[in-house]
Structures are given as C-alpha cells and as structure tokens.
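In what comes next, subunit A is part of two complexes: it sits with subunit B in the first one and with subunit C in the second one.
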Partner chain A sequence: MEINSRSSRIFQLVSGVIFVLICALTLIPVLRVIAISFSSKSAILAGQVFVFPVGFTMEAYHKVFGNINFLRSFVYTIVLTLGFTAISMMMTILAAYPLSKKGLKGGSIIMTLFVLTMYFDPGTIPTYLNVKSFGLINTAWSLIIPGSLSAYNLIIMRSFFTSIDKSLYESAYIDGCSEWKALYKIAVPLSVPAIATLSLFYAVWRWNNVSDVLYYINKSNLYTVQMMLKQMIDSVKISLLEGKTSQLAADNIKAASIVISMTPMLIAYPFIQKYFTKGIMLGAVKG
Partner chain B sequence: MREKSDTAIQKNIGKKKKKVAAKTYIRNNYQLYMMLVLPVIYLILFKYKPMIGVVAAFKNYNVFRGVWGSPWTGLSHFKEAFASNDFWMALKNTLILNVGDIIISFPIPIILALFLYELNSKVIKKSTQVILYLPYFFSWVIIAGIVNQLCSNGGMINNIITAFGGKSINFLTVPWMWQAVYWISGLWQGAGYGLIIYLAALSGADPSLGEAAYIDGAGRFKRIWYVTIPQIKGTISVMLIMKLGQVVSIGFDRPYMMSNTLVKSVSDVISTYVYSVGLQSARFDFATAVGLFQSVVGVLLLLIVNAMAKKFGEEGVI
Partner chain C sequence: MVRKSLLKCTGFLLTAVLTASMLTACGSNTDSGSTTATDNGTTASNDTDNGETQEINVMIWDRGSSAPGTSNEENEMTKWIQEQVLEACNVKVNFVAVPRSGSDDKLNVMMAGGNAPDIVFSYNQSIFSNFASNGGLADLTDAYAKYGTDIQTNIGNIQYMGVVDNKQYAIMKRRGQQVPRHVSYIRKDWLDALGLSIPKTKEELFTVLEAFKEKNPGNVSDVVPWAMGGSTDTEKFYLSFVGSYVAELSEEDAYVYAENYKVFADGAIDGLKKLNELYNKGLITQDFATDTTTDIFKQDVSAGNAGFILADATEIFDLIPTLQSSVDGAEFVPLNCFDTPEGEYINPTEPLYGMYVMVPKTSESKADACVKYLNWLSDATNAENVMYTPEHTLDSAGVPVSMLQDELNEKGYPGNIADYNIVNDHFSFVDNKDSVVDQWANTYNFLSTDWFNSLYTVMNTNQYLYPTYPVVLESETTYGAKLSTMAIEYAYKLISCKSDEFDSLQQSEYKKLVTAGLETVLNDRRAYYEQNVAKK
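On to the complex of A and B.
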C-alpha cells in the first residue's frame, strides 16, 4: 500500500526517527540509574555521569550486599513472592475451573460475587481491621492471603478454561476420569500460557507492592525489598530537601539498591513481555 | 430372535449408561464444589466481610469493643469530613492529579499506537513496544527513586541545566513542578501498557478498509481519522470509561512514594489522607467514612459514565 510514494517515504523516516527518540527517552532514566550505581563517587559529584558509568566500580554493590539486612530481605522477598504466586495460582485455578463449567448450579452467582469485588472496594481501613481480626498483622501471611485471588485474573483464567474443546473432557469422562484428574491432566496442561501469564501478574504485583507492607508490617525483619528501598529513599529525600550536597555520596548506594530491586523484573521481563501481551488481550477480549 | 436379543441388550446397556451417567454427574459436581470451597471461603472472609466492616463509618469505633460492639453515631464522621479542610484538599488534589493523568496519559498511547500501526519497519515496531512497556513493571518505589535521581539538585536534568549555564532547580519541591513530574512519570510508566492495548485492538482492524480509502484518494491522516480510529472506538471508549469512573479513586503507592513534605499542598490525596488519619492516628471510624465516600462516589461515577457511553452508542463496561 503506497509504499513507494515520496510523501510516504518521508512519513516512514520521520516517524521512525521519532519512535527511536521516544525509546531513547524511555530508556535514559533506567540507564542513568544503572550508570550511577557503577560510577565512582567523585565522578557522580562532579556531574560527569550521564548514561554510561564513569570510573567503573562495584563499591556500591559491595556496600549494599554487605548490609546483612538488605541481603536477608532480598532472599525473604523472593521466597515470599514465590510462595504468594504458588498459593494465588492454586486458588485461581481452583476457582476458575469449576466456574468455567456451564451447567454448574450456583456457579454464575459465585462468579458475579467475584466480579462485584472489582467495582466496590471497602477501603483501606475495613480491609486492615479484617486482616487484624485474623491476627495476621506482623506476619508474612498478611502479605499472602488478602491478595491471593484477584477477580481480574480469575476472569482471564476462567475464559481460558472455557475455550478448551469440550470433546476432550467428554472422552475423558467416559473413560472414568474424575474432575480432579480432568483438571490436572487436561485443563492445566492445555492452559500453560495463561498460567504462566497469570503467575507473572501475581509475582510482579507481590514483588512491587509496598502499601500492604506499610499497612500490616511494622517489624523490620518482615520488610520486603521494596520497603527497605522506600526507607532508604525517604532518608535521602530529606537531606535532598535541605539542599545538602554531602548526601550525594549516598547516590551510588541508592542507585545500586534500585538496580538490585529491579533486577528480578529485568530478568523476568523477556518472559513477561512474551506472555503479557497475550494476557492483556485475553483480559481485553473477555473482561 | 437374534435381533430381538440385541435390542434387549442395547436397552440394558442404555439403562446402565443412564445410571452411570447420573452417578458420574453427581460425583463430578461434588468434586467441582469441593474445588470451590477454598476460593469461596476466601471470598467471604476477605472480600465480603470487610464490606460489612464499612459500618465502622457509622460508629464510634472502640478498639476493645470491635466494630459490632461500638455505639452507633450516624453520619457524624461524614459531617466532620465534609467540614474539614484536609478532606476537601485531599479530594481536590485527587481530582487534579487524576484529571491531569487523563489529559496526558490517555491520548498519548492512542496517538503512539496509530502512528506505530502506520509504520512499516517491523524492528522499530517491536522494539518500541518492548522498551515502552518496560517501566510498567517497576514499582512506584523504584520510580520515585529514579525520579529523585533525575530531578533533584544533583540530578541529571540539573546537570544538563548547569552545563548550559543555567541555575539548578529542585523540581520536586515546587508544587506545580511536582505535579508535572507526577504526570510525566505516570506517562512514562503506563504508556507502553496503553500502547499494547491499542495495538492489540488495531490488529483486529480490517486493513482492506484503509486500502479502499487510499484508492478513493484519502490521505494518510484522513485515513487514520475516518477509517482507523472508528475501528478502535470501542476500545478507546472502554478505556475512557474506566479512567473517568476512577477519577475519585487514587492508588496509594504512587502519590505516597513521590510526595515530600514541601509539596503536601498538592500531593495529599484521599488514599494518603485515609492512611495518615486511619492508620497513623488510629481514627479507624473516621477514615473508614472517608474511604466509603470515595468507594461510593466511584461506583456512582462508573455507572453514570457507563450509562452515558451507552447513550452515545458505545459499548459499556458493565
């Protein structure tokens, strides 16, 4: 279509250049933080660092990982995220599979009740008091159970199960296959892309979310990495407001902490972006 | 003889099959309900029980008596909220930050998607999606940290300003500049997500319509305006309904993490107000009332916007 017309070639060139610039603008803040984290203090203070490290050094990383609390929190957050993801996925599958069966009595009522929770949020305080009433405050469970089933993810999982060819189930039932067996021998293996997508949704949410840690946890040994980072940034924020330059020395340590806490996302990103598009489209089609 | 016995056997099998089918039906459904036990318990205890807990908004909450044992107080918390300057400031700031977000972050992903759709280069198409989508996976803690490193006194933007002989400005301490930073960082974080949604919608568009328009002599921009946009109007209106319906609701992490003491006059929003009144000052009843106000107005707005969209012939979300 009009590939060879002159105005079209100009359009392609100009918009191509603009998109490359937009990409660069998007990446610069990330590259900048990475560059700072690997740069020497003197280069940072002199304002020499742009998007490439100057005076390459791993000093900031040694310091951050030398902080036993941060290291412990890092490992704890990984375990927490994996546990949360496993539990949430189990809950989501257990809810989605029966609700994907058309003939199930009461199924549509339960589904409606789940969907309604997407529109009405009781608010921070009732949720907090509820978590408190179960004695979960200051336990890791407060970061696992309350968010362990998202209605949005349930809708996506359910629509995936619904799209599985029914004849597959029927032949299995004739062979005497139970629903549990049908779930883990037929439905789950056929839904790997959806399960991968939703697991990533859950994992990303758990890794990144700070508000519930702030609400439910006040023991620092149960702080997630993001919460540790928040405290670090807060302490630097105050000194920045006072306009002190002395605090700039801590810039590389802060940058290293930021880089460390986004590394799991950066590692997962190639997988994430492969599946997330699918996930978004699933949600967009059925949601 | 033989035929007769055959049909008899078949009848027998048919009966047996029916019986077996009925039995498996019961057994299968029993198992399905077993699967639902945990999710339903979760639904009741962690989704609907807190909804009942909103009655705290109409009570004088006493820690020792709990929500149910505390005495009723009617609408006094709401009256107090509506009489409080802090509440109106939080509501005003919530609206300003959200409306700014809609003005900036709503149209730009659409424009990007339309132009990316027109682009021939597959490499640029793919890499733009991958790169723009990346910040969506960073927490607001990380983004606040990055923003501090860019906009503070020793930050990158000021390095550039001073390199050109300008004077260093701490962007995060001037209210209107802080707002701008808030909006831009929202765009930075969310543009890729929007872009992918609209590109997904565009992938369902019919290219032959555009070709037909081209043959009829329509230029590129006319084609985008009259042919491409109408085909993704449904997606655009759904996204807009969601955004408008949430104009009184605001997440906690983003304003809380980005805020600082010097810009409280523009950064205090409902979610941070509920947190500071409710959890930091332990006024559970009053904060519940503020949160309930936000939720109820949110649901009403969503219903209104949805009804309006349907009136204009668009698909709604509910």
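On to the complex of A and C.
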C-alpha cells in the first residue's frame, strides 16, 4: 500500500479532521458539565457557561466533599461495584466453561433456559416478590445477587472459551489435569481480554443502575451514589408537582457530583481499554 | 470417566445457578415468612387500648438532604417526634426512607409485595383510587371517627376526597397558603422607560408587547417581549391566557374541562389563535417549543431579555437575584391582565388538599395507632414544630422563621423537615396577608415588602377552585397521562405554526386527540357529574 501517495495523505487528513470533530462533539457535553461544576451560580443561570468555566470557583467541590453522606455513599458504591463484579465474573466463568464443552449433558437445554431470560422479562413486581422472599430486601445482597449473571455476557464468555484450541486442553488432560485445573490454568489465563471486558460491562451496569436500589433498599445509608445523584437532579421537577417552592440544589453542585461520580469509571477504563476491542472481537469469530 | 461425571455434576450446579440468576416467574411465594430483612411487619400487636405501646412504620421521603452523619430515618427531628408521640399517643414511630424521585413506583412495588410501611402517601389520585378500589387499603372510617377528632376540626372539610364507597381510605393532607398555579410578571423598568403603565387588560398587554419589540427599552441585543419555554409536563406558559378567552363555566363544565382540559373548552381556540398571531409577529420566544428543559426561558429572564412572562407562581424568585446582578435597575412586577369575557380576572389555584395519606391493608391492625399519629400531626402547634423544628423562632409578626438547609443540617435536622409534616400545612398565618408578606420578605430579602404586598394582592384576586370529586374515571386512567402531554403539544404546535395553517392544523391535531381518547374522557366526566353530583 502506498501510504505516502498524495491522495492517500489528503484522505488521511480529511478523515482525521472529521474524526477529531466527531470526538469534539461527543466531548462537548462532558466538558460542559465539568465547566459548570467550576462556575459561579449566576454565570450558570445567565447561560454564559459553554465549555469553559465562567467565574471560576471550587465552592461546589468543597460542598460535595464536605458532605460526609455523599462520601460514605461513594466509598460504599465502589466496594459494592467491586464485589458485584467479582461475584458476577465468578458466576459467569463457572457457567460458561462447562457450557463451552461439547460433552455436557443437557447443555443445550440449559443454554436455552439462559437465553430465554434475554427474551422474557418477568416484570418489576414478580421480581420484587422473589427478591423479597429470598429475604434480600434492605441488604446489599439485593443489589448483587439478582443481577449477578447476565445471559448476554455468559454467551460472550462461552464463545470465548469455545474459541480456545481444543488441543491445548487435550495436552493438559494427558498431563493429568482435572477440569478445575484446566479451567484456572488454561482457560482463564487465555481469556484475560474477555474477562476484562465483561468485568467492565458488569461494573458499569452496577455503577449506573438505580432502579433496583429504588425498589429493594429502604435505608438511606445503603443508597448508591447514583441514587443520591438522581434525588438531587430530579428535585426541580418534583417541587413543581408538589406546588411549593423549595430550595433547589444549585446547578454547580449537581455538576460537581456528576463529575465526581463518573471519575472512577473514567479512571478504570484506560486500564481495561487495551483488552476491550480484542475481547469483543475474539468471541465473535468462530471456526 | 471422572471428567464426564464432573461435567454431569456441573450440569446440576448450573441449573441451580440458572434458577438463582433468573429470579423470575414463581415470585408469588409471599407468605414464606422471610421478611426478616425488612423493617416492617415485625411488630404487629393487635390490641389498641390496653396500654401497650404500639409501633408503627411511617414512610418518609428522602431527598438526599440529610445532615452529615444522620439519615432521614434517624435524626434530631425523628427523635423529637418519637418522644412526643410516645408520650401523647403511646405510639412508637419509626421511619422508612423512600427516595422522593421514583416514590410512586416504589410505593406500588411495596404494596404489591405486602411490605409497605404502615403509613404511606402519594400526591397521585390514580394511585390512591387504584389501591382503594382493589382492596389494598385499610378502612380508616372507624379509627377516623374515634381518634381523628383534631383532623375533623382542623381539616375536616377536605377529607371527602379520601372517601371511596363511603369508606374513609385516606386522610387528606391540607396544603398551606392557597396560591394560584401560574402568575404573570412584567418588566416595570421597561414600562417606565416607555412611559407606559402596567397593563390591565389583554389589549393593553398586546400594545405593551409591541412597544417592547419596537423600542427595545432595555437596549438588549435580543429582545423577547413574551418569554416562553417548551416543557411538555406543564401548561404554565399559556393556560391562564388561553383560559381567559373562555366564558365563565358552570360547575358541570368546570369539572369536565378542569385544569388541563380547559384548552378544549369553547372559546379557547381564540386564545390559541391570538398567541399564534403574537408568535408570528415575533413577540413570543421563537422556537420556544424546542426549549423542553426551559433553560433558554430561564436565561432570557435572568439575563434581562424578557419583558413579560407567565409561569409558576413563585418560580421567578430563583431568577431575580441573577437578573438584578446582570441588569441595573431591572424589576419584574406581578400583574393581572388576562381579562375574561365577563371583564374579570380568574386565578385558578391548587386544590386545598394535597397528598393522600394511606394505611395499607396489611397494616389494618395498626389503623388506630396510625390515625392517632396523624391526628397528633394535624394539631397546628405540633405541625408547626415539625415543619419549622421544635427550636424555631417567631419573627415580630408571629410568623415562624424557616431555616435554610445549611443551618438545619448544622443542628442535626435534614433539609427536608417539611416532609415530616404530612397532614396539615395550613397554619393560621398563611391566611393573613401581613404574615405571609413578612415571611416572604424575610426569606427572599432581595425584594421589598411593597413588592410582596402587590404580589399578595395579585395572587389573591379572584382565586378560583375547580370542583373536585373523589373519583378517577376508568377512561382517565387509560388515556389521561398521554392526553395531558398531547394537549400541551397541541397548544405548542398551534401557537408556533404559520398563521394560514392554523385552522387546518387545529382540525388535524384535534382529530389525533380524539383518537387518543379525548372525547371519551370528556364525555365520561360529564356523565359522572350528571349521575353523581347533579342528581344529589
């Protein structure tokens, strides 16, 4: 390929510019939130803030970090997310590995049952009743166990295991490896990209999901940070319904809370990113 | 071989994992006694008057405004309530936090799961009506008669709204000060600059709007004579104006066209047509319907571009400080200028009742204790101590001074203490002009007492209550929510279309509304009125 030909260079330049523009477009809303979090209240209300802070102030961050409830919830949510991700990955791997084997009796029936959960949603109330009768209401487990296995992720994981060359397993069996050993000595180390990717899927889901927190938790000290954010952000709409003037959380404090709550995922992402494309692609091609 | 049997074993294990992960279907096992993890239902004691302390769980809204280190379930306020109620009624009150946003959804789920707190509440009439007619609520009739004497004396007049099939299924919360839903404001400094007086009629308003547009008295780059926004969940931007084109309604018609349906009453089209004319003359925010978050509306007001607005009654309090700092001498004043065909003004207000406070069927045995607690709350002194904290002070006019969130949190109270006051907001001072003005002026000290005096006068001119009945018709449940949004879109489309397309668009949009159930709802309301109200 002639990379240096003139038309090719023009093409690269033009597509480069276009992609930079697209990136900029997706970045603007994020930058705007960050700018608002550092701006003064009056500048925000007057609509002067676009992507650069106006009337720079750290006040919002002082306020948010000064609120011990928010910080406690923040730490709790991180621990919850880590725990959830670990448990989910364990469930997923332990389910996907045997299902990736041809010899598993009833494997296809089990797989069909898993897939059925992707098509049929039991609805909020039956799920709630189920969680309730397991005695999980008002415990952190209600935020871990019900969502701890996603059929979608299971399928990706299974395809990944299937794509590992059989001869690798066979050589292990000849050396006297048990299935357990084959799983953690061969399958898991070879599947790091998929595991990293799916962990991210699980972690992001747990971090962002609020509906189960709303339904299963009745104690405010078990609220996740996203739940607290939702309360703050929806406060305007609600005070209208109640027909009263209430003190609303200022825009800059909302923005600061949003920035803080998205930081952990932003930090985690670059470390996992190198596996990311590889993970999804590898499971996709079989044969 | 070993491998094969292991695989088999895993098969069973997998099935177990699968069952756990599905957490679906078979969810009806409600009586398995596994409520150990919940706060509720653990303290049932059936007797009422044998001196034994009863324990009740009361829902409390959580708005994320608790003081550091406390929660909405445990703080200085709850401690005080617990002590007082234990002493006064021999009832121990515990609180169960429910996030304010999503509270109705959660309530539905908890009711279905049979583990709702003993006292729950919602502003939503459909939810109440649904629970009541499906046997989800405890009948409070006897308890109310026996232990609800203070409720009867203080706010008995609104309790009819909680009656279904002659049974008291809810205690109605009384709202506080009666204020119109929407109030209009105009830039006084612009009027002064043009030598015009505050308009008293719609005709005068049109003249003023044109003058604002032509002469740009504020000398702003982008003058917006009448600023509007495009939120699809409120009619605030146009309803009072359009409603003023409708001749006085009989009680029947007032019920049929109550509130958001008024845009379909006879004459309302003229109002929409007039708005369309103003829009096409450039007197109304261009493309306002795209401003669904009303950010542009707020910016226009606070940056000093807007000359006239019609909005939620006191919404402007939030915007005025910014306006004052960005434009010297800028002054918005409240006014009544939408004269009706009878030459009057009409200011529809919120109904006097607010929330439906209910006791779930599962807590029937505690109905007496619940009503005792609600009765205690309906007492004006108790309510005042809950609403403003027990350590509140009174100002010179005898009005309780409300604390801001920071101050509340410092003392260990949550920012939303008002949410603990679930029965009676109707304090004696809210009916007294001086007290109300005084309280406003203390809370919003960037505006003068005179300003609030005129606001009070504007707000209390010809207040109007739509007739309300304790019923949600079936067709309203089916079509209501969608129709409200469609009605707002109907208005926005008609206001902002080209003038020569108005009539044809009106017809086609109205047809869509009819398909969506509009006439069914209106006819059902009329039929309900004729059968249940007119005949009595």
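In the analysis below, the second predicted complex is superposed on the first by the 225 of 287 C-alpha atoms of A that agree within 3 Å, B and C clash if a C-alpha of one lies under 4 Å from a C-alpha of the other, contacts with A are read in each partner's own complex, and residues count from 1 in each chain.
Just so it is clear, a residue touches a chain if its C-beta (ideal position, glycine included) is under 8 Å from a C-beta of that chain, and two chains touch if they have at least 3 such contacts.
Computed from a predicted model, the values in this text were never measured in an experiment.
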item: Which of subunit B and subunit C A:Asn218 touches, first, second, both or neither; value: second
item: Which superposed partner A:Lys230 touches (first subunit B, second subunit C, both, neither); value: both
item: First (subunit B), second (subunit C), both or neither touched by A:Ser163; value: neither
item: First, second, both or neither for A:Asn67, with subunit B first and subunit C second; value: second
item: First (subunit B), second (subunit C), both or neither touched by A:Ser15; value: first
item: Touched partner set for A:Pro122, first subunit B, second subunit C, both or neither; value: both
item: Subunit B versus subunit C as contact partner of A:Thr263, first or second or both or neither; value: neither
item: Which partner reaches more residues of subunit A (counting touched residues only), subunit B or subunit C; value: B
item: Intersection of subunit A interface sets (partners subunit B, subunit C); value: 45, 47, 91, 94-95, 98-99, 101, 104-105, 110, 113-114, 117, 120, 122, 124-130, 133-134, 145-146, 148-149, 173, 178-179, 210-211, 214-215, 227, 230, 237, 240-241, 243, 245, 248
item: Touching residues on subunit A, where the partner in the complex is subunit C; value: 41-42, 45-47, 66-69, 91, 94-95, 98-99, 101, 103-107, 110, 113-114, 117, 120, 122, 124-139, 145-146, 148-149, 173, 178-179, 210-211, 214-215, 218-221, 223, 227-228, 230-232, 234-235, 237-238, 240-248
item: Subunit C - residues contacting subunit A, complex; value: 2-4, 6-8, 10-11, 13-15, 17-18, 20-30, 32, 34-39, 62-64, 66, 68-69, 71-73, 96-102, 105-106, 108-109, 112-113, 115, 123, 175-176, 179, 181, 233-234, 295-296, 298-299, 302-303, 312, 314-315, 317-319, 321-322, 325-326, 350, 354, 404-405, 415, 418
item: Residue ranges of subunit B in contact with subunit A within the complex; value: 24, 27-29, 31-33, 35-36, 38-40, 42-43, 45-51, 53-54, 56, 66-67, 112, 115-116, 118-121, 124, 127-135, 137-142, 144-150, 152-154, 156, 159, 162-163, 170, 172-173, 188, 191-193, 196-197, 200-201, 207, 210-211, 214, 220, 235, 249, 251-253, 256-257, 260-262, 271, 274-275, 278-279, 284, 287-288, 291-292, 294-295, 298-299, 302, 318
item: Subunit B-facing residues of subunit A, complex; value: 1-3, 7-8, 11-12, 15-16, 18-20, 22-23, 26-30, 32-33, 36, 44-45, 47, 50, 91, 94-95, 97-99, 101, 104-105, 110, 113-114, 117, 119-130, 133-134, 145-146, 148-149, 173, 176, 178-180, 183, 204, 207-211, 214-215, 226-227, 229-230, 233, 236-237, 240-241, 243, 245, 248, 251, 254-255, 257-258, 261-262, 265, 268-269, 272-273, 276-277, 280-281, 284
